[in-house]
Every structure is written in structure tokens, then in C-alpha cells.
Amino acid sequence: MNASMLLTGLVAVPWLGALLLGIGGSLPARAARALAVLASASTLVFGVLLLARFDPALPGLFVEQRVPWIRSLGIDYHLGLDGMGLLFVLLTGVLGPLALVTTLRRATRVRAAGAWFLLLQGSALGVFVALDFFPWFICWELSLVPAFFLIRGWGGANAGAASYRFVVFTLAGSAGLLLAFAALYAATGTMNFTDLARLRAAGELAGHLGALGAWATALAFLGVLVGLGVKAPLFPFHSWMPATYAEAPAGVSMFLTGVMSKMGVYGFFRLLWPIFPEELRAHAGPLLVMALGGVVFGALAALRSGNLRHMLAYSSLNHVSYCLLALFAVAGAGPADGVAVEAALAGALLQAFNHGLSAAALFFVAGILEQRSGGNSDFARFGGVRNAAPRFALLAGVALFSSLGLPGLNGFVGEFLIFRGVFALQPVVAAVATVALLVTAIFLLSFWQRVFHGPRAGAVAGEFADLDAAEWRVLGSLVFLMILLGVAPQLLAGLINPLATSWAASLTLP
Amino acid sequence: MSPLHVCLALSAALFCTGLVAVLVRGNAILVLLGVELMLNAANLNFIAFWRFGPGGGEVGLVFVLFSIAVAAAEAAVGMALVIAVHRHLRTIRVAAANRLKG
Amino acid sequence: MTLLLAVLALVCLVPAVAAVLVRNLIHSALLFVLAWLGLAVFYLAVGAEFIAFAHALVYVGGVSMVVLFAVLLTRPGRVDPLPPPSTQRAIGGVAAVALVASMLGSSIFWTRLPSMEPIPMVSLRRLGELLAGPYLVALLLVGLILTVALIGGLLLAAPRRPSEGGDA
Amino acid sequence: MLPASQLWLIPALPLVAAAIGAAAPRTARRLPVFLALAAITGSLLLSVVALVGALAAPAAKLTANFTWFVAGSTAVRLGWLLDPLGALMSVMVCAVSVLVFIFSIAYLRADPRLGRFFTCLSLFVAAMLGLLVANSLLLLLLCWELVGLASYLLIGFWFDRPSAAAAAKKAFVITRLGDLGFLLGLLWLFQATGSSLFYDGGAGVLEAGALERLAATVLPGGWTAATGIGLLLFAGAVGKSGQFPLHVWLPDAMEGPTPVSALIHAATMVAAGVFLVARVFPLMAADQGLAAVPVHALTAVAVVGSITALLGAVLAVAQTDMKRVLAYSTVSQLGYMMLAVGVGAWVAAVFHLITHACFKALLFLGSGSVIHAAHHEQDSRRLGGLAGRMRFTYVTFLLGTGALVGLPLVFSGFWSKEAILHAAELWPVSHLPFVAGLTGVVLTAFYMTRLVCETFLGRPRGEGAEHAHESPRVMTLPLAVLAVASVAAGWIGTPAWPWLQSRLTGAPVAAQAWSDGLGLMLFSTVLVGVGIAAGWWMYGRRPRVDARALDPLAQRWPRVFAALAARLWFDELYAATLGRLLRGAAALAAWLERWVWGGVVGLTGRVAETTGEVNRAIDEDGLNTGFDRASDGLRRTAQQYSRAQTGDVQGYLRAVVVGLAVLALLLIWGGVR
């Protein structure tokens, strides 16, 4: 199989699965479930096949497919992968099937849920491989539709309002994105990321945009920033997040926080930084403050919330903000200490991956607690879970400490590298951000103490089953990856080192 | 009064008759037949201008052939729709098929 | 020539108007057949033989059968919940038609049309060459449309299995 | 002879035991126990072999470095280090662990989660040993955090007791507070030197090149990078070793099973802070020669150590819980060690660390034996009269007490404490450490006498004590071994035969003359005597009769005693300051979330309407209300508009026709071309 087919197949197979599920009217639930899981797991297979083609010596795209699509508009069907894209594809490959299994396990209307989910997964993959704005934006927007229906149709009591809010916020952001790229297209005649980055690197982009008007560059930058910032989310564009994560079904929350929020982070690295490096540098100060605000504020808000889902949502804000903190610190520093820049960039990408794993695992834990207690995840309803379900407690504990950044688990490596880089570039910011580490420890351990320790109480006082085989497989595989990647981070770091090095060397994307 | 005038007048008259059927008659079958009549009027125009017009080649003639074919298809699908509607609503009054009203 | 055409036009128009006005549906359908026959004759007189035959075949032979079957299959049920069609609506419709008719008529009769000699007729062979040549794609598409219409008509009209009886 | 490249085996053995134990089914209770014992014995043997190898060449820093992973183009390297300090500590940790493990088998025999207990213990030992043989500050930090995790798990071993769960969290959070300093110090060091390896053939951070650079980097205010890094690293040590002001977690950590207190919160883990400071001593001392530095790193260490030594001893005086007395005593002794490092005598600190590990483990295990026998009664007021019932425990406890208070010449604690006091006396900067140390000596003697009298003398004053009888062999055997060690461990470092000192520094240390320091020895001996006499006079002369009787000290100075018994309100102080600050910040964050972020963005929407629905706005933030309103409006408009959709096809067509006609008329008559 040649490489370009791999790329197309990567995106197409989940969509095909969604289509089959959509039209396969008489498919029994078991078969539908199996088909959905197979289609979802194909991503991992494609990811591994692509991994075999990865060339560590090459900082740029190692697989690329580019054929003209709409000639009159200069739009190409342009897919490609570099180490960063592959990292996110692998993340999707790991989380997709697990989140799907979780979603379908107790879902009614299995066929519909599976079809929506596969559509979501394929769109996310499309975002990670597309290199032309046109297909990229189609996937970016398309991902909203299944997410909306999944939240609305299978979510909690207030899912209607939450899904609505989610879609409206994200769409508002996307509008900025679309306008910005319309401006870029009007100015340059192309919407291809690599072409735009090349123009920028050659110093011609500013001239093109300047022809549109004095404010064109700034407004385009702002549009892209807001569009990506809402998705990631960048503080303070996060207001949609707690309610959405709280109302979505557990499996969908896993995917939302594990993969969809990474679409925003990915966009920062793929779009914003290579195309607007100077604007980013000029505004790095306020942006850095915003990211730092997300770090500190997310941790404090999580400390305050008495509901597991809300806590995890704010904790996600906190963790994702570390990635952006690293990026903004690097962007603001300009050509500085190369080693620190490399560490910060590699750390940001590793953190994105690792947060995906641990946050997904914690949302899975939340889902189990809710399912066992009848659909509520307020701390006050629990107590002594560790007594009632020791195996569950063991795995949940590993996930918790991974999120807390315990060395030896995956969460530590990314955070350490980010702090390593940010400390060298912005020591004060790093020092303030460490406070969030402490607060994170406090709220996670408070949650643990309240829910897992102490005598059995509340919903746990009666029947409270330990993990069954399927749950054990999902949580166990996540925990296995956490330990593996914590001990041997080179497995992931090898993917992104060439990029980090070349970025640090040029401070722009190739 | 040239032959062309006669043709055009007949065409206009047929078109208006068809329009009356479409707009006034409540029966779905008659509505469809009215549409057919309007299509016929159009065909007649094509032929008239081919024959008596400023000379546009044979395009008009060929077009009429296609038009007849499409009209036949339309009639087939239309009648099938009428039958389907009748099965659901036990009537073929156009005014009865208003489920999508706001 | 003009006179012949005018007579034929009346032969054609009278059944058409009657068809639209009569209450009985069967009569109406039969009157339509008459009108189409008249139209075919008109085509013949104008000089489009092939079209005339095609028209007669399709309408008099095909469409009219379909219409008659549809009429027979859809005898109105005993209860008709809707109020009878109001005269107000009829007046509105007729007014709209009158508007169109006046427009068309005025534009036809006030336009000074060039009086030209009839152009030579087209042989059937030439027509076949045209269809197999420049219009081949269109011809194929028309065939496709007819096929789709056939299948679609069947699907729509075929009775559903009771198990799935949704509200489609 | 164990080469440095094989050092990883020492922590790996218990780690494997822990991994298997964690994966083993819950029903297999004995498997983790056997595995843990086998692994720790193996590690002990390997450590001894390593120690022999290290002593053969004490000054050579044998290292084995390797790349952990590569970030960008820079490798993050870790390594193992074989030197007498690490090897000696490993032997000590393994030896104490073996004894504590054996003791635990009997102590927790009835607990259904015995297997889990040993799994956690194995994890702890693995991490602790890794910490000791690490040649990289980063690897040390990794193990440091894992040690903290193990401590967390073991303090909260009886997690269904809310107090244990709370204590575990407190310990983890407060040590992590210190760890933030550690992390920042590490980052700074990384940035300044580009490495975290201690010794790396001249490129390590503890080698001359890096130290000179660090000392030469001057920050505003005269601080050097070396001072800053040293102080930050010391913050980590403060947290871990229970130094003032982060000492509050250690007494609470006594909620864990007593063997855990003995091993982790007395002998080994809490000493890791002292070990860290001793390990990076060259870095801490790098700024010593510079007069411009406002506060030398070591000075801060000495001051904190002095305060802690004194504070711990003072607080121990008023505790009634056996284990808490010992816990404050541990705080105090750790303060002595820090004090020693601060005045430059890191060798004396390590010496005291080792002797303290022996006798404090002995004391804790002894108290464990008492608690076990007295059916988990650990309030010394309700014990009493155990001297006759538990003779063996009593004797070994007395030996441990002798070592702790520093009875002269025989006991190990005497020698190590003398070494510290001697160094403090000669410290040129201040006399505070010396005075604090001497005061601490009196207080130590006093509170230990009080503890022994209350617990073992008089008559039983509670159910538990009445029915107590001697513990089984498995428990007394470790007591016996530790008792011997408590006495004998001091002989390796006497002034007459400074074996330890010469081995640790790698340079020969001349034996001191008897007369040198003799005065100090006599003086401190007198102080010990005063303390014991005071204790005996108050508590031993007329032993307590009733469990509810007021403490003699409380009768005399009720206010002072109440203050001490309340631990000088440190917990309350933190709750009122830091805790309130954090809670306030969190409340502020929640308030901002609800009103400001939503509100600022919401201004672009429909601010005016949010005020209308107060109740709703409290639950939802203003922004979402705006969106809901806007969409409602849209929906209503759409409903109005949809009335035009009558469903009357012919009606639509009429409209179309009229529209078309109008359009055509306009075109025809309007003159539009």
C-alpha cells in the first residue's frame, strides 16, 4: 500500500464505517458494535503502518499526497504527516476505540451512536492530516455536528443546553478562523498551510496582506487566534467547557478532552505559529499571561468545584494551558537558548499527548462512578470506593497520580520539559506556574480522599461493583500506556525531536 | 397573422389552460396533467421557432425530444407520488398534503 | 396555411379547456387524450413528423394510460375531511392566470415578428445523426433519467411492508 | 565488587517485588511478603558488596551514566553513582528495612491487606534505594517523588479511617510544597549548567567547573546562582525532612502503621532531605568564600536546623501519644542533622543520620511492640506498669532511649551528637546552633525520661496495659538486633577512631587527642544528667496513678503546657493563613468564572438581559443567558415567519406566478434593458 493511500484510508475508513452503520438498517446491535469498533481501531493500524514509515532524520513531512482538487480556486487535496501529526494520529488511534467502546457499552441506539462517533473520529483525523485550509476546515467544522448530536442524544439531563452552548461557542470561533483565511486567500491566492508558511518565511506575506488594508494582518491573526483559542481552550475562552464536559456521555467526554481539545493545540502549532510568527511574538506578553491565567485559574477553579466532571474540566484547562504556555514562551523569546526552546516545544507536544491519556482515563473513572451511583458525580455522594472496589481504585489511582505529574508516569515528562524550557525563557512565569502544581495535588488528593478513602458512604454504602472485564480492559490499557510512556518517554519523543530541533533552529515551521 | 403568430397564440392558450388546472383545480391528478399541458405549450414554442423563426438550426427539434422524455418521466413519478399520497391520506386533494406547514 | 393552423389550434384547444373545467375525472382524462391527439396533428401540419409521432406515442399511448390507472386507483374515500374548494381561491387562481394570459397575449400580438419562409424540413436520418453525435451525452442522460424515474415510481407506489410502516 | 553500571540492581529487586505484588491477586497474601523479604535481602547483600567496593576507593566517584530520552537534540541523562555515602546509606536502609519487614509480619498478621502492605513497602524501599544511588538530580527527584507516593500510600494504609486519609493527604501536599522549591532549583541548575548529573567526568554539576560558574553568576542583591539553587533545593529538603516551618505533617504521619513510622518517618525517608543536602554539599558550600552574598545557603540551613531542633524538642515535652513524642523527637533530631550540615559538618550529619536510624527505629518498633500488646492503646497516660509485663521490650526501649539522649561513652547517639555539637561550637558565624543544640540535649533527656516513666513505670492505668504481655519472637528479634546496633553504631566514628569520617570524605582524618573537646563532652553529659534528673523528679518519683490526672508540668505552668500540647497552634496558623489564602483564591476564581469571564464576553451579547434573571444567572454565567435569549428571539421570529408556510402548494404557486408576472411587467414596461 503506498503512502498516500494510507493517508486517505486513515480518514476514510472511519467515515466508511459511519456510512455503513448509517445505512445498515437491519444490522443487529452486536454486529453494529463490532463494526464500529473495527472501523475505529483501524486508525491505530494505520497509525502503526505510518509509524513504520517515519523517518527520524527528516524534520518535515514524511508522507504527503497532493493532487489538485478545485483548480479554479487553487484548492488542493493536500494531506501530509510529520512527526507532530503522527503523534496526534496515534493519540486518536489509542483513544478513539476506547472512547467508542465506552460510549457504546451502555448506549441505546447503538447504530446511531456508533455512526456519529465514527464520523467524529474521522473528522478529527482529517484535521490532523489535512494541509490545505479547505479540507482542513471542512473536517474542523464537520467534527462539531457529530459531537453536538452525541452530547444531545446520549448526554445528561442538561445536555441540550450544553451541546447548544458548545456548538455556538465553537462556531463563533470558527467564524473568525474562516474570515481570517478568507483574507489570506484574497491576499495570496492560496489557502495551503505549507505554501502560506513558505510565503511567510520568505517575508512576502506581510506585503500581500498589507495590500488589503492596514489592519488586515492583525485582524487575520486575531481571527485565527480566537478560532483556535476557543477550541483548545485558551483562557478565558473556556466558558463552554465545564458544562459540555459535564453533560456529555463519559465516552464522548473522553474523546472531547483527549482528542478534540488537542485539535486546538495542534492548530496553534500548525497554523498560528508558522503563518503569524511575528504577530505571535509581538503579542506574546498578553498571551503568556492568558496561558498562565489558564494554568493557575484552572487549578484554583478545580479546587473549588465539588463535582468530579467540573473538576476534571478545569483540570483539563490547567493542563492544556501548559502546552500553550510553552508555545507562547518560545514565541515571545525569539531566537534564544536553543536547548530550552527545544525542551519547551517537545514538552508541549508530549504534554498534549499525555494529557490526552490521563484526562481520558479520569473521565472514564468519572463515568464509572456516575454509572454506579445512578448518574451523579458530586463528591458528597461517595466515600470509601477503595474499600468497595479495590481494583478500580488501583487503576484510578495510577491515572490520578499521572495527572498530578508523578515521576515515573507519563504526565511528568511533558510537564518537566515545559518547565525546563519556560524556566529558562521566562523564569518568573515558570515560578508562578509551579504554584498550580501544588494546587493540582491538593484538589486531586482531596477528591481522592473524599471519594475513595474513608468509610463506605453514600452511593457506595450498598452495592458497588468492581470493574468488569470490559472496563478493566479500557482502563487497564490506558494505565499500561501511562506507565510505559512514563518510563520510556523516548518512544514518543523520537517522533517530535526532529521537528523540535528544526523549529528551534529556524523558529518557524518548515 | 402569420403561422408563427398562430402557433404562439395556441402555445400561450395551452399554457394558460394548464396554469388554470394547476392553480385552481384541487385534484392532484389534474394538477399534474396541467403541468403536462404547460410542457406541451413549451414544446410547441420550440417547434414554432424552429420552423418559422429566424433559423436556429435543429436544436429546437432535438430539445423537444428530450423535453417529451423528461415529461414522461415526470408523469410517471408524479402519478406514483399521487398513489403514495393517496395511500397515506386516503385523498388526492392537494390541499390535504400540508403536513409541512409552519 | 395560417387558416389550417388556426382551425387545428381550435381543435386542440377546445378539448383542453373542457378537460380542465369538467368535474368528472375520467371525462377530464379522456378529453386530455383528445387534446394531445390534436396537438400531434398540429405538429404534423407544422412539418415536424417525427415529433408528432413521438408525441402521440408518449402521450396518447403512455401517459394517458398512466393517468387512467392513477384515476382508477385513487377513487376518493368515503370521508373527505377537507372543506370544499372555495370560490375565493378559484377566483384568485383565475386572476393570476388572467394576468399571465394578458401578458403573453399582449407580448405575442404586439411583437412584430419577422415573416419568414419555412425552413426546409429535417430528415429522420439527420435527427438520428444529431442524437448519436453532438447530443449523445444528453441522450444517455435522458435514458438514465427515465430509468431512475421508473425505479423511483415503482418504489414510491409499491406498498410498504407493514413492519416498517414509518411516517415517510 | 559491584560496578557502578550494575548499581541499578539494588533498587530494581524491590521494584520487581512491588510490581509482582501489585499485580498479584488479593487472595495471595503470602506471596508479596516472601517476595519483599527475598528482594530486600538481595538488595542488602548487593549493597554490602557495593559498599566494600566503594570503601576500596572512597574518593573515586564511580558513575554509570545513560540517556533517558532525547528532547529536541539534547539528551536528558541520568546515572548511577557509587561512593561511600550512597553505599553506606543503602546498607543502612536495607538493614533497617529487613528488620522492619520481619517485625511487620507479626505486627500486621491479622490484617487482610498484609500483601498490599508489603507491596507498598517494597515500592518504598525501591524508590529510597534509587534515591541513594542516583547520580543525577533529576533521577533523585524522580525517586524522591516516588518515595513520597509510597509514604502517602502507607500513611493512608488504613484509609477507611478519615484521620489516616487526611494525614496522608497532608503529608503529600506539604512535602510537595517543598518539592516545588526542589523542582525550581533543579530547573535553574539545568538551565545554568545544562546537566543534572552530579559527576560526569568533569562536566557534572558538583564538579569544579560547574561550581565555579555557578558561584560566579551574580544576581541582583549580591546573590549568586549557587546560593539561589542551594536554597531552593534546601526547600525540598525542608519539606521532606520535616524542618521548620514545614514540620507539621510528620506528627500526623503517625496515623500509619507503626512499622511504617519506624522505617519511613524515622529511619529513612525523612532523612532523605539530610541526604540530599549532604549529597549536594559542594554546591551548597560554593558560595562560602564570597563575602557579598547576603545569606549563605549553609547559614540558612544551619538556622532552620537550629530552630527545628529546638522546636521539636519543646513540642515533644507536652505530647501524650507515644508515637507523637517520638515523632517530635524525630523532627528535633533531623534538625540536629541539618544544623550539622549547615555548620559545614556534613559528615557528622550523616553519622548522626545512621545512628539515629538505628535507635529511632528501635524506639518506634518498641512502641509498636507496646501498642501491639496493649491492643492499639498508644496514649501513654493509659499505659503504665509495662516494665514487668514486657521486660524484653522495656530493656531494649531503655537502650534506645540511652542512645537518643546520648548517655556518654557507650551509646551511639552520644558520639554522633558530640560530633555535631563540636562542629557547632566551632562555627564562626553565630552561636545560635550551639546554644540550640545544648538546649535540645536537656529537653531530649527530659522528654524521653518522661515517656519511659509514663509508659513503663507505675501501675497499669487502662484495659490494654493490664492485659499486655510480651510480644512474639518475630517482633522481639528485630528489637534485639537494633538494640545492639544502637549501641555499637557509634563506635565507627569516635574521635579516637574516625573511620567513618575518613571514609566519607575520602581523605584521612587524624584521630583527635582525648583532651580536645573533652570539656564539651563533660558539659553535655552534665546537661543530659540534668534533663534525666528533672524528668525523674517530676514523673518517675511518684508515677502517675490515674489516667485522667493532670500532668505535673500542666499543674505548674498550665498555659505553657496547653500551648505546647496544642503544638503551638502551627496547624491552626496554616489553616488561618495559607489555607484561607488558597480557599480565598479558589473562591475568587469561582466568582470570576461565574461573573467576569462570562460577563466580559457576554457584554458583546446581551448584558442587559442577564440582570433580569438573577436566579438563573447565579447558576449559569451571564454569557450563556445571552446566547439563550438571542436564540429564543430568533426562534420566535422564525415561528412568526413560518405561519406563511401554509402547506398549500397551490397558494405558493399563485404567489410565484404573481411574482413572476410582476417581474416580467417591470421588465417589459419599466424600460429595463
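Per-chain numbering from 1; labels A, B, C and D assigned in written order.
Here is the rule we go by: a residue touches a chain if its C-beta (ideal position, glycine included) is under 8 Å from a C-beta of that chain, and two chains touch if they have at least 3 such contacts.
In this text, all values refer to a predicted model and were calculated from it rather than measured experimentally.
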item	value
Intersection of the contact lists for chain A and chain B	D
Pair sharing more residue contacts (C-beta pairs) when B-C is set against B-D	B-C
Separation of chain B from chain C, taking each centre as the mean of its C-alpha atoms, in whole Å	5
Distance between the centres, which are taken as Cα means, of chain C and chain A, whole angstrom	61
Mean-CA-position distance for chain D and chain B (Å)	91
Separation of mean Cα positions, chain D and chain C [Å, integer]	94
Touching two or more other chains - residues of chain B	19, 23-24, 26, 95
Multi-partner residues of chain A (each touching 2 or more other chains)	none
Touching two or more other chains - residue numbers and ranges from chain C	89, 92-93, 96-97, 100
Pairwise touch network: line, ring, star, complete, or other	other
Touching chain combinations (by label order)	A-D, B-C, B-D, C-D
In the complex with chain B, residue positions of chain C that touch it	1-2, 5-6, 9, 12-13, 16-17, 19-20, 25, 28-29, 32, 35-36, 39, 42-43, 46-48, 50-51, 54-55, 58-59, 62-63, 66-67, 69-71, 73-74, 76-77, 79-82, 85, 89-90, 92-94, 96-97, 100-101, 104-105, 108-109, 113-116, 118-119, 122, 126-127, 130-131, 135, 138-139, 142, 145-146, 148-150, 152-157, 159
Residue ranges of chain D touching chain B (in the complex, touch as defined)	639, 641-650, 653-654, 657
Partner chain D, residues of chain C touching it in the complex	89, 92-93, 96-97, 99-100, 103, 107
In the complex with chain A, residue positions of chain D that touch it	22, 26, 68-74, 138, 141-143, 145-146, 149, 156, 159-162, 164-166, 168-169, 172-173, 176-177, 180, 183-184, 187-188, 190-191, 194, 582, 585-590, 592-593, 597-598, 600-601, 621, 623-624, 627-628, 631
Interface residues, chain B side, partner chain C - complex	1-10, 12-21, 23-27, 29-30, 32-34, 36-37, 40, 43-44, 47-48, 50-55, 58, 61-62, 64-66, 68-77, 79-84, 86-87, 90-93, 95-96
